[in-house]
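One chain, chain A, appears in both complexes that follow, with chain B as partner in the first and chain C in the second.
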Partner chain A sequence: MTGDNVLSREERFLKKFSAGAEAETRKIVSALRTRLDYSREFDYFIELAETCGDAEAVSCRTGRRTVNLLCVQAPVEMVHAAGFQPFRVWSGSSAASRFSLAAAPALMCPMLKALLGSLRANEGARDGNWIIPTTCDWVIKFPEMASYECPSFLPRVFWLELPHLKDGPNGGEKWLDEIYRFKKYLESMGEKIDRHSIAESIELYREAWSALTKISRMRGCGLLANVWFALIAGTMFLDDVRKWTAAVLNVAASSTAAYRNNARVFLAGSPIVFPNFKLHLLLEETGMSVVADDLCSSERIIPGAAAFEDTSEFGLMSALAERYHRACLCPTFIDNDRRVNNILGQRAETNFSGVVFHVLKGCHPYDIEGMGLERTIKDRGLRFIRIETDYMPEDERNLSSRLEAYRCTLPTPQ
Partner chain B sequence: MSIRVGLDLGSTAIKAIFTEEGKCLWRGVLPTVPGQEAVASALINAGLTESKRMRGDIADVVSTGYGKKLFACARANVDEITANAEGAAKLSGGEARTVINVGGQDIKAIRVDERGVVVDFRMNDKCAAGTGRFFELAARLLDSPISDFDWLAKNSTEEVELNSTCAVFAESEIVSLLARGIPKEDIAKALYASVARRIAGLAGPLCGGEPVYLDGGAARNRGLAEALEDEMMTEVRVFEHPQFTVAYGAAVSSL
Partner chain C sequence: MRLSRLRHTVQYASFLALMYGGRFGLRLGSAVPCFSCPYVPGCGGYCYLMGLQGYIGFGMSFAVAKGIGLLHALAYFTLFVVLVAVFGKLWCGWICPFGLIQDWFSSVRRFFGIRERVIPFETKQRLAYVKYGLLVYIAVIPPLATAGLIHQDFYLPFCGICPGKSILPLFAGETSYMTLNFDNAVSLGFSAALLMTTGIALVGMFFKERFFCIFCPMLALIHMLKPLTALRLIKAPSSCTGCGNCRRVCPMDIETVHREKTSRDVQSEECLDCGRCVESCPSGGALGIYFSKLKLFASSRACAAETRKIR
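Moving on to the complex of A and B:
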């Protein structure tokens, strides 16, 4: 505070930002806690989500320094093995995105807009090192935009150069080189990563992934609502991974309300990040249950367990590199048939009758990939709807009309 | 008890229709104002009076439209796309395959099968371009009621381009055309072409070459149908009472 209780510009920004962000979080938390299928097992995740943008809180909780990660291609096991807490930085806050209006193009990816907004409003959010894989154009240019306000941002970025042709002759090799460069970088700030520490981390995250898979199956059977699954998955990096895994197993052990009469759909496309659960809630309200998804904010929050036979350091690093590259379904890859195959494969397991394709306004890779996906899905006799939206609530009525009509085209499970 | 009532609580108008064995007995419309439930009740009362029926004659009330959940007395509510498809299918004798609805706040293009079941649809996002709101805005700038647009467009002598489909940019474009002394007649014609372009862009991928059926409040303007024909290069048919297709669909809905 400056003299006479007059707030400085920065203080005013922070106050306004915090009030807006807290209000939207309160709204969704209240909606979650008053649901018929709410149970105390979810409290742990709700409380984590309430502090989702706060790296300092995560650091205090875990006793480890956080390393900020954008997107899903940097192996979190390596970050953990170097003694850090991987902290997936993204934001679903519309209050935060308003703070980027003067600093970002109007049609910028809403998620990065919100992240930029929180960096502008809150100096504390700018701290730490940033690991940024070269995925989409918005992500690549994000540090440059952030550095207009905060010149110290760009030098703290470690770029992971992502080969966009996965199955090309050099893609895998190049990526493995990048992963080794990443290892050196982490070691320069933290602990040495050796065969034992990396194996231990792989095991920890394998257990986390296995727990997530359990509740994913519950969702597929109608035993867990998608909104809970999304909340749980989105909090994976907000606490010690062991504690998080134990809490997920608690949920898996409890039986929650079922939504078996809803039409079953697959949710694909751009990520949906807390507290922006607009689409998750609208899908439910209009009588649909998401039984599987391929969002990098939910089902793909980690790419699964690394499979290896060779337990040498090279063997483990290669297994991680492959898992985070070849298995990744990000639409920024050129050869991405795996996305369609994954959806069709899940159809056999979860028997959904339609695909809801979510495109965040300005998210070009998903927008482009959606066109081919629509054709393939429809060719298989499945229903497809493309929902393009952002974080603002004013299109809820419009979306609701579309989703209701779409729901009417889907069969209700017997 | 034989009357089925369909109520379409839209963003700019509330429409009610009374049907008996699929035939229309009465229809009425009032502008949407706060307190939609009271407006809808007033419409039903007016319908009963004018059709000389008793409240007990009403067998069913089904609501649709953005405000469908605001009318608590409805037995059921149905989304406006499904209602539109059912209404258009019945009114066209099962011929309609592509239906375009130009409402107060949105445009919908619906692909239906012969039973009136929605096969696919497209809808504009949060944007007033090409909707009834766009016409209202133009009416204010041209100082002419929307109902005069047809007459104005028919008397157009020069081709004028209205490039913006965005309501905000179109507003400044219309202002500058007026400032240049371009007659209202030419602007009205350009307006229809501009809206038709926007609609064709949305609906084009859904059309299968058959005639397109146009409904919604804006479809009362015959000039829009003509402009749409030119843009889509296909026959555009307009229902006799295009504003009521959705309410009719709700009334005869299979729900």
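Moving on to the complex of A and C:
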């Protein structure tokens, strides 16, 4: 404070950000709670989502120190096995995105821009150790941008050097070396990771994935709205994984039909993070139901159960490494041609008739990959629409009109 | 019921039937396409490899080819082909008693958390020829013994070095094949070779899953009849996301299933039809076991989510 009643520019911004972020969360929470398909089983997830950027709250809830993970390539099982709580750092707040305007390039990925804003506003959020796989350019340069305001940020970053050629001759070996380096790093801060602890963590997250699979199938059958699925998946790392799994199974056991007769679509592309559920809600409003997706914020939040036969420590580590590398469908990989198979393969199960491809403005890897994907999808006789947007609500009407027009091209299931 | 549970049930049932079935009147003849060892007292059927070397195959080729023995041999061969045509490599992955014993060794290794040894790809490719070499050995040596060109103890040359002959009878209390036979120089040589292959097999089976299957001539023989078999491992390449689960869980470390991007038929030479790849594949319908065009079992995310716990 510069005086008793006069706020500095930074403080004014901060106040504005806090008010904006709270209003944003309140708005979406209220929208969720007033839905016709709302039930009390969702309250747990709503409450978790309300504290989605608060690592301290997660730490208190789980009784474990959090380790911040950016992107989806760092094996969460290893973090858990070392005695930490894996905490996926992201932000979907448009207020946070605005707050970082002065500190970030204009065309920066909105998700990272919002994350930068959150870090700028909340000093506590900068604490802790950061695990950052070298995925896209924005992610690589993110710590540098964060360190402009917080010089101590950069030394706390652990880089996981991601080989971008999955099926290449050395990619797997290099990645396994990285995973072993990661293990050493985690052990230097926490507990020793041995065969038993890692096996236990693998089993816990397998159960979590299995529960997620159940509600994913419910979504595919029209028994659960996509907005709930996205909310539930996005909260996976905000509480103890056992509690989260139990709550998901509770939802799986109690939910009833959410919608009928909507056009069925597949949602692909850039992540959609709470509270920015703009596209999820617009899709519903325009008469479409997302029956499957390949977003790293929901369906791909963890890559699935690690399959293995060799139960030695090496076998488990290799299984995890491969699961988080080869099975990852992130567009930053060079040989990602099988990504389209994931979409087409799910058509048989969920019978969707169109693909909505979401690109966050500035998210170049998805933008580029979307072009090839569009051609393949259309060749298969499916409808395709590309939605390029950011976190700002100003383009909602425009998007709504485009989605309505797209909806008219899709058949309505009987 | 999960596929692996079903497979284990079948494995144990066939182990009991083939190892002890003879004691209860079960006689499956001499055309069983797996290691149902005739040296096991009271076994339920005889491994076709023994017949092939001996009295219904190459061993009698000179002596009785002119007589009714040929019809006998042809009848058994036809039965063998029919059994292979119907069950394919289920004989290896689901029925073979020696396969189950190898799986027990792997279970012990897993229990102690000992790392499985991986045989480098190039070495594996070279080793693949060994089983065909053994088939040639089976085809060439017995006729020479029948013709009197070499000692008559060469009559069953593969059985003389097959670790199944020494290990399987142990389950029926028969230990005599674990000793040196001093009858003559050939017997001594064979018994020494048998002890050596047994030792190699025991160590190999402990450190490498289905180690002996890499060299098994029965696997080669069944594979040679592939065009006649109805059971197939089929891949839908357009559904595969390339996660590598199939490669990782494969007891034979087969890479073809993972790498194949165009062809549907991924039944390779080493495949045992165990179905572990299908079970662990999270892409719905990407992998399946088919009987002709009938789908018996297909991959699904729900099934992959039930990956087994560490024992």
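Couple of notes before you dig in:
In this section, the second predicted complex is superposed on the first by the 398 of 414 C-alpha atoms of A that agree within 3 Å, B and C clash if a C-alpha of one lies under 4 Å from a C-alpha of the other, contacts with A are read in each partner's own complex, and residues count from 1 in each chain.
Keep this in mind: a residue touches a chain if its C-beta (ideal position, glycine included) is under 8 Å from a C-beta of that chain, and two chains touch if they have at least 3 such contacts.
As the structure is a prediction and not an experimental result, all values here were calculated from the model.
In the superposition on chain A, contact of A:409 is made with chain B only, not with chain C. With both structures placed on the common chain, the touch criterion links A:395 to chain B but leaves chain C unconnected. After overlaying the two complexes on the shared chain, residue contacts for A:48 are found with neither chain B nor chain C.
Once the two complexes are laid over each other on the shared chain, residue contacts for A:356 go to neither chain B nor chain C.
The partner of chain A that touches more of its residues, comparing chain B with chain C, is C. Contacts of A:288 after superposition: neither chain B nor chain C is touched.
Once the two complexes are laid over each other on the shared chain, residue contacts for A:315 go to chain C alone; chain B is not touched. Judged by the touch definition given at the top, the superposed model places A:145 against neither chain B nor chain C.
Only residues 166-167, 195, 199, 202-203, 206, 209-210, 213-214, 216-217, 303-315, 318-319, 322-323, 326-327, 329, 338-339, 341-342, 344-346, 348-349 of chain A touch chain C when the two sit together in their complex. Those residues of chain C whose C-beta lies close enough to touch chain A in the complex are 106, 110, 113-116, 209, 236-245, 248-249, 251, 259, 261, 276, 280, 282-286, 301-302, 304-307, 309-311.
Across the complex, chain A is touched by residues 66, 79-82, 106, 117-119, 121, 123, 125-126 of chain B. Chain A meets chain B in the complex at residues 388-389, 394-395, 397-398, 401-402, 404-409.
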